[in-house]
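Below you will find the structure I want to go over with you.
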Amino acid sequence: MMKELSQRLLGPVTFALLALTIWLGLWVTPPDKVQGNLVRLLYVHPAVAWVALYVSFGTATIASCLYLWKRTRSWDMDRIAHCAMEVSVVFIILTLITGSIWGRPTWGVWWAWDARLTSTAILGVLALGYLALRRANDDPTLRAKRSAVFAIVSAINVPIIHFSVQWWKTLHQGATVFTSNRQLLVHGSMAWTLLISFVGFTLLFFWLLRARYRLEVERDAAYRAAFDEAVSLRQREGVL
Amino acid sequence: MTPSPVVHLRGAVALSSGFPLLSGVDLDLEAASLNVITGANGAGKTSLLRLLAGLLALSSGEAEVCGVDLTNGDLRQLRRRVGWLGHEGSFYADLTVRENLRFCALALGRPTDEIDAVLARVGLSSRVDTITKKLSAGQRRRLGLAWLLLRRAELWLLDEPYASLDDQGRTFFDALLADVINAGATVVLSAHDPLRATTLRPRTIGLVGGRVREVAP
Amino acid sequence: MTPSPVVHLRGAVALSSGFPLLSGVDLDLEAASLNVITGANGAGKTSLLRLLAGLLALSSGEAEVCGVDLTNGDLRQLRRRVGWLGHEGSFYADLTVRENLRFCALALGRPTDEIDAVLARVGLSSRVDTITKKLSAGQRRRLGLAWLLLRRAELWLLDEPYASLDDQGRTFFDALLADVINAGATVVLSAHDPLRATTLRPRTIGLVGGRVREVAP
Amino acid sequence: MIRIAWLVAKKDLRIEARSRVLLWQVVPFGAMALLLTGLALGPAHAGNSSAGPGLFYLVMLFVALLMINRSQVLESTPGTRASIATLGLDPAGVFLGKTLALCVELWVTGLVLLAGTVLVLHTALHGAFLALPSVLVTLGALAAAGTLYGAMTAGGEGAATLLPVLCLPAFAPLLIAGERAFSAALTHGGLWEWWVIVVVALVAYVGVGILLYGVLEES
Amino acid sequence: MIRIAWLVAKKDLRIEARSRVLLWQVVPFGAMALLLTGLALGPAHAGNSSAGPGLFYLVMLFVALLMINRSQVLESTPGTRASIATLGLDPAGVFLGKTLALCVELWVTGLVLLAGTVLVLHTALHGAFLALPSVLVTLGALAAAGTLYGAMTAGGEGAATLLPVLCLPAFAPLLIAGERAFSAALTHGGLWEWWVIVVVALVAYVGVGILLYGVLEES
């Protein structure tokens, strides 16, 4: 009952929250002293990056672990890992795009040799590599196992990205949102908008994941039908 | 209670990029028996052998080989008990004949001093230090036999073992088969010709379209 | 003057990294004849066929094949007149069966509309669009036959053509051989079994240690 | 000759299209290599836009090595070599065909990487546009040279590792000329000398290939 | 496990020693690549000794890719795969053995290239000497990671090109850390943070390999 309700509500709530973010971000919150109206990207970029790194890549990694662990092994886990990774690619690309858009006016360039930027791009290529690896193997079990290992090994990059700003001390913004002195940096309506954007984009991820997962389930059903047909065709081979 | 069969398949299906190599195989094989798989080209003989060796994944159905369940058993345990001789030359092409056998013997924890005797038995004494990739087709097949001799597997899976062996090689192989079965191993081989040795009483498994059509006797 | 032989070898020696694969072969083969090379494993059958196809370099001795001198003649001219069927699957493993044959037909300037008929003849109609590397061993051999059919070579060099063909395939192949020889081509093949078709009267060339030991009849 | 060239090129490109290796593997590899090369030099060097052309060609070089290797691997499975040899194809045609296919693949990758250079290494868009023709010609020369060297190493011991050793020194002049032509385009400097070099290299390699490819293939 | 590791390493190194690919092909390739990379950047950048560590690691990276590929090709001819699989070797042992063999090969190449860096790129000899331990550890981590990724792509479609795609991003952090450690050694700066990273990477990759290598091999 609860489950069904939340299923039903996921879409509307997601879009309501995103609409709220847009409204708050564009009309309600004030422009920044230093950055002016550019600060409004604060309600998009960090949230998108958060989803890309932690929510989606994290989901893919956890699902991969659960697949590899014998007691929780199931095709669902493999499927979730695959779908989450695909969505992750989308969010990583969005992070790069929104970051670049922000970078152009603030740093004067679209791209800089900054540790966080580079490591984010690397994560993107890893996610693409994951998809390429899946394509390269057609035995489902082997594919599931290999890509799960790859996802787990790739996840090492996530903390590297997070700490890169501290380790390398370069251009990109240091931790602002998730620090103890957060109150000093963002406050009032900005903090609320930020929070809503995080929740909104996180829900967006789950909404996309669910849509992608359903597609995969449909494909599986089609696959099963094709399987039966192929088997009966094969059985008739040479008998005619 | 009868002893459980070495191979037990029910409705076994195996796919390769969507095509069913095996389309529902039902098969039981007893221990210490000789089994010959026959069938037209493309019927699925090689695929069946690969499935039994744990080299091909099972897509649906049940399969148990040497007591190991193919769906969620320990395939490595199974593979250790299986001797495989494929179409293609096996082993490391850049090692010499002796080095290849040494590697296998050490990997299995067997003594290495049998190697020369085994090579003499399969008639490769004159090629001990030849690089494997330089061997002729039949010599490569003989190296495979030498390896099986060292191996002493429980279940022997041989894909067209007679192909490219010369007459003397075939006679030797027939003798080997008889020995092996007497020693209690199970042999499954694929072949296009009827077996030459009449003293062996093989069971013939006829495949058609990825399924067992008939079993005789 | 008698017509010059298709193959004429005198003291032909061929080396592979210092080892003489062939150690002085003397051989003459006439046009429109069927010749079967026999010999123990490693005797040099495959090497002799490769020499005749211009795929193995002659180290010493004389050799003339289809009127082309192997030491300083135009090997490409020779290769164009030769149909080769090797142990291993040939062709591009990533193309489909039909694409492979199309490639060959176009390369030789032959019409491509025969392809389907040829594939039906060798029994590959149901695998026209399968990627070649997925074919079974026997099907790959059949594809080789299909290619030879398109090829219409003067000199056919076949390395163990019967291996891994099923019964029906062998019968078809025997019929094909008879056709080809009647059409005036010369066939040289290696085999470990005596030929099945008794109507063909092959010449048997026995190799031992890289040399011709006996020719019969 | 042209007919055979066309046939061979179509065959190679079809195999490439089927395996999607270019799309999923070579292009990401190139992009990654570009990033990494930038990184290896540290921000100070890489951010500097003058390094763009050099890095671009460096990466193209490695991509080319991968693709030349692939193009030869297609031909060199034991069975394939023998049966294709007995087709007696016109070697000049085979050379042209393989060059053509390789060239198309290099062009596709080159265009993507050029875009990458503009985005990531701050190379001026306008300059990259001006440099495009020289890039295409250089990559063509690379393809011709690569096919030639590929045939030289085919079938030998450890072909995959021998190839780079032979290719790298041969590619060095091309690389330098291409890089200079690219740099000149960026600074609107005198282009033509470097143009002459790459065009001459292209013509020379294609000429040599047409004449001598047959020699390399025959045993 | 150790026994199998030793057996596998010896086998790989014996094949390597027999084919002499390392001596005649990989090392010359590395030297050549070092020169070319220097060239591609133009004298201004390359002569500058600060580029030395970056270039060294960049070239080692490509060398490593070549060698990882070779190390997997040895195992992946169709017949070999099947017969070796039926030996049921302990996967952790196989992983360790292949890593060890690869590591030895990389070390040999690395030492030669380090000398090359000193000679050609004017990197200070003393600094290079100080950096040696960090180089050895980094190359060890590279070997472990490479073996892992090699097994991941083995036998799949277009393994030879998939490998670099998977490896490059994974190697990037290693590359950076190694480069920084090297640079720090040259400037006598604080080394230890980079040391920590490469040592952690080595331990992590070896650990993951021992645990999960078997998963990659089984179907």
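The first chain written gets the first letter, and so on, giving A, B, C, D and E; residue counts start at 1 in each chain.
To be clear about the criterion, contacts are C-beta pairs under 8 Å (C-beta built on N, C-alpha and C of every residue); 3 or more make two chains touch, one makes a residue touch a chain.
Keep in mind the model is a prediction, meaning the values are calculated, not measured.
Engineer: By that same contact rule, can you tell me which chains touch subunit A and subunit C alike?
Structural biologist: Neighbours common to subunit A and subunit C are B, D.
Engineer: Note the shortest touch-path length, in steps, from subunit C to subunit E.
Structural biologist: Minimum step count, subunit C to subunit E: 2.
Engineer: Can you identify which chains form the pair with the largest number of contacting C-beta pairs?
Structural biologist: The chain pair with the largest number of C-beta contacts is D-E.
Engineer: Counting in whole Å, what is the centre-to-centre distance of subunit C and subunit D, each centre being its mean C-alpha position?
Structural biologist: 37
Engineer: Indicate the whole-number Å distance between the mean C-alpha point of subunit A and the mean C-alpha point of subunit B.
Structural biologist: Roughly 48 Å separates the two chain centres.
Engineer: Between subunit B and subunit D, what is the gap in Å from one C-alpha centre to the other?
Structural biologist: Taking the mean C-alpha position of each chain, the two centres sit 46 Å apart.
Engineer: Two or more other chains in contact with one residue: find those residues in subunit B.
Structural biologist: 16-17, 19, 40, 57, 87
Engineer: Show the residues in subunit E shared as contacts by 2 or more other chains, in ascending order.
Structural biologist: As it turns out, subunit E has residues touching two or more other chains at 19, 157-158, 162, 165, 168-169, 172, 218-219.
Engineer: Touching at least two other chains at once: which residues of subunit A meet that condition?
Structural biologist: Residue numbers touching two or more other chains: 118, 122, 125, 128-129, 132, 135, 139, 141-142, 237.
Engineer: If I apply the definition of touch given earlier, which pairs of chains qualify?
Structural biologist: Contacting pairs: A-B, A-D, A-E, B-C, B-E, C-D, D-E.
Engineer: So in the complex, the part of subunit A that touches subunit B is made up of which residues?
Structural biologist: Within the complex, subunit A touches subunit B at residues 138-142, 226-227, 230-232, 234-239.
Engineer: Quick check: in the complex, which residue numbers of subunit B touch subunit A?
Structural biologist: 13, 15-20, 23-24, 40, 43, 57, 59, 208-211
Engineer: Using the touch definition up top, name the residues of subunit C that touch subunit D in the complex.
Structural biologist: Listed in rising order, the residues are 50, 53-57, 75-77, 79-80, 82-95, 99, 103-104, 106-108, 144, 147, 153.
Engineer: Quick one: in the complex, what on subunit E touches subunit A?
Structural biologist: The contact residues of subunit E facing subunit A are 148, 152-153, 156-159, 162, 165-166, 168-170, 172-173, 193, 204, 208, 212, 215-216, 218-219.
Engineer: Which residues of subunit D touch subunit C in their complex?
Structural biologist: Residues of subunit D touching subunit C: 3-4, 7, 11, 14-15, 18-19, 74, 77-80, 82-89, 91, 214, 218-219.
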